[in-house]
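So, here come the structures, one by one.
Here chain A shows up in two complexes: once beside chain B, once beside chain C.
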Partner chain A sequence: MEEKLISIVAAALRVPRSKLTLETGPGDLEAWDSLAQINVASEIEAEFGVSIPIEQLAEIRHIRDFLRYFEKTS
Partner chain B sequence: MKCALLSNVNIESIARQMVRHEVHIAQGYGVWTQELADPASGTFNFGPSSIFVIVDGAELLRGQRGLELVLAEVDQQLAWIEQAAELSPGIKFFISTVDVPAQTLRPIKEENVERCLEQHWQRGIARASANHGNVYIFDLKELVEQVGRSFLYSNKRWYLGGLRFSIAGEKLIVNELERILDAQLVTRKKCLLLDLDNTLWGGVIGEDGIGGIHLSESGEGARYRDFQLRIRNLGQMGVILGIVSKNNEADAIEVLERHEHMVLRKDDFAAMKINWSAKAQNIAELAQNLDIGMDSIVFIDDNPVEREAIRTELPDVSVPEFPADTCELASFFGQVYKEYFFTLESTEEDRKRTEAYLANAKRAAERTASASIEEFLAGLRTKIFLTRARDEDLARAAQLTQKTNQFNLTTRRYTEQELRALQTTPGTEVFIASVADKYGDNGKVLVSVVRRQAPDTAELDTFLMSCRVLGRFVEDQILDYFVKELRSDGFSKLRVQFIPTRKNAPARAFIERLRGGKLVSDGASGAQTWEFEISKASPVTKTACAELVTKSVPLAEIAS
Partner chain C sequence: MPIIREARGDDFERVYPLLLGFKNPHLTEEHWRQLFVDHSGLQNDHFGWVLVDGDDVVGFVSTIFGERTIRGETVRLCNLSNWIVKHEYRTHSLALHAKVIADNSVSVTNLSPTPQVLKLIEKLGFTVMDKSERIILPVITPRSFTDRCEILTEPGAVEGALKGERLQFFRDHQLPFNHHILLRSHAGDCYLMMNRSYKSIRGSLRLPFARVHHIGAPDIFLRHLEKLVVRVATSLKVVAMIVDDRMLQGTVPWHSFKRPGGERKAAFRSKRLAAEDIDGLYTEAVLLNY
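Showing the complex of A and B:
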């Protein structure tokens, strides 16, 4: 799950996986701007077949927050 | 390739995905009309060769000002598009169709303003495309209809970032945009070879007989008829069609000539190999007869063993998988078109290509019957029309530089825009020639770029000719004409560049048969420059015995 998340984010941002940890978040990398943040969320939604409410998306600060969201909702 | 995207919604995410091309987007996404209207805008300053205008239909209706007002505004936008196309003839404009989802709740008795708007826009861009050779239609609406709005759009991305399309929808759009850009760079395939039994019709002619095969106007046999209709479309777009089938030739020909529901007839095929030999051998022979490379060929056969054999023995031939469900033949062929034969437009030359190849076969037969090459050439009654390329010739000239591999001295690929720039460069001239004979018109087949290098020296930057008129010394006769014109303009030296490639052996043969050349430079990459002293003699020893018509070719301008 963690690995998969990081892969998806790396692909969405077009950066090597090595640049990312679960603690990486929007603003930490130049590639991860506000537009990229929307794309990261869209890719994760598409990959896991879920729809994350817009209110929850606003809470996401790090990749780990996606994990927390999935734990909370599963 | 340099391209610019303009839109009334945020398309930055689309631009970021187009990593294979250099993409410009305007700052601020409501500014697309200003960008088009201002020749000094960032969009034009970027120097794009293509501009995509991606119009979101819902945004056109924003504000609910009533249909009349919206349509008036749309007319103004269309006028800006036409003006921009007019002012920048070297840029290709791809204007999207629009999809307008219902914006309000309303009783069904009331007029559907969204449909009115879609149609109005459609008519407007069709008019723009008809009026301007450089305006093309990017059919976004078709894409929406194929995959559906719920797939293509995303409400969440719209509210979060003004992004209209879903992430998957953006990928589809990027594919379409890149296909259009790539089509301007990559050469498409030239020839489609088809099997017969269980491919063009259902069943096996040798067993089922002409009355037993599946092929009909309606019902089950119509799946093959619909497939054939699309193949004929492709033939009309200039792709050479051919048959490679294991059959008794007489049986197969009977179907081609007599079956009442055949769409494709004998004359639709430029070449046929209907026999019991291995298909790889047949394809190799066909390629040689047609004078095309293996990598220009697509082969369609229902039999997986035949497909595998061709993939193994002729790896440069493209062999798409055949659909397991033959009801999908027509849509399968839509994919084949997009993947191998996609083109922005087809020229008059394209439409006449099969005819030209059939005429070539007749010439070849005559050649065999003639006693000498001179007698044969004289008997063809060839006419060469040579002219400085006019604006309307540049699309064809660019196409020839893009796809001519064999008789091409330098294999320099030029876009229409680059040729236009060369044509207006002092001392440089772009020529184009067409060739006709008693069997018909071969169309525009030769392109040359001649450059004044020094007061007494001219240089051939480009000299290429379609292989359909190869072997007739047309190229020799044109070079001879250049030499005489240059001489009378006071030039004493002609430099001819030759860059060898894997495919341009005919160009090497040409260089080798020219007389009196001196190799003045021989680059590490194999590129050679030959210099000919032209003040007294011509390097050309044999010509096409043709009548050369030059419509006031202004070589004098080169000397001036």
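Showing the complex of A and C:
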């Protein structure tokens, strides 16, 4: 799941997969702005069949936080 | 770690340096201060949200509240505007916005989104609406003399003739550039609220326009438009009137043309409102003199 998640984020941000780790977050990439955050969330929601409220999305600081969200809500 | 809290009235001095980041040469400190003044009595010392890191305000979003009766129902409105975050804190940008839209019982509007913000809020469930504007010219025709409607422009006379919610609108919009007109006809009255606002024409040439922000009775407005525009032009000393196309109910006045400057869009999120219900009252447009 981790690999899949990173791949989805890379595709949404249009950056090479090799640039990302689970610790990568909006603060690390210029391309990852608020709109990109929404796009990333949309792709993750579609792929994993989940819904991420904006309040939760706003707290995402690293790709790993998406995993933590899945664990909390599953 | 930065925190987000409500922006209070006494936060203005700390937020103002951020607002200068919009680089709008036509807005003075006194303009910006109006975002922190409770014009409606509904703000409850809450003028938006600030992102604070230690003693520094590093992000802000403005919220202006209003309450309107629309189709018999009381609707609480929140105009979201002037969303700005220092670059190094941009990861917290969405959190500011999330605070504004957390309350689902409020209808939220954003009348001046940048293209980027528009894309973002559309993805957050906002409805995009057209905000094309029309410039209506004062043209004297025989109808200007035969039209029997009465047009009140003197504030005391307008106030004395208003009641209920319209009187509240009048009292809540009392900045020097806010103007109120009451058109009285045999078919009924039409209350109008507008700003006298300078707009760029070409290069550095700026001319005064009457920017209409509220039309109480669109059908009456349209019926007497020719006489009205001439009267507004002479009373307010403006070259023309600017009105949102969606306020004209599909009518294209013969003495008007689309305002140049490309596509204009706005957005709103509401369970109750349609685009036609949204105007400029209780928004940044009337406070900052847009």
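Things worth noting here:
Here is the rule we use: the second predicted complex is superposed on the first by the 74 of 74 C-alpha atoms of A that agree within 3 Å, B and C clash if a C-alpha of one lies under 4 Å from a C-alpha of the other, contacts with A are read in each partner's own complex, and residues count from 1 in each chain.
Criterion: a residue touches a chain if its C-beta (ideal position, glycine included) is under 8 Å from a C-beta of that chain, and two chains touch if they have at least 3 such contacts.
No experiment lies behind these values; they were computed from the predicted model shown.
In the superposed model, A:R61 lies in contact with chain C only, and not with chain B.
By the touch criterion stated above, A:A46 is placed in contact with chain B alone, chain C being left untouched. Counted by residues of chain A touched, the larger count belongs to C, out of chain B and chain C. Of the two partner chains placed by superposition, A:T21 touches none, neither chain B nor chain C.
On chain A, the patch touched by chain B and the patch touched by chain C overlap at residues 34-35, 38-39, 42, 54, 57. Remark: chain A residues 14, 34-35, 38-39, 41-43, 46, 51, 54, 57 touch chain B in the complex.
Against chain A, the residues of chain C that register as touching in their complex are 90-95, 97-98, 101-102, 116, 119-120, 123-124.
Across the interface of their complex, chain A is touched by residues 10, 12-13, 16, 19, 154, 156-157, 159-161, 163, 166-168 of chain B.
Within the complex, the chain A residues that touch chain C are 25-27, 33-35, 37-39, 42, 54-55, 57-59, 61.
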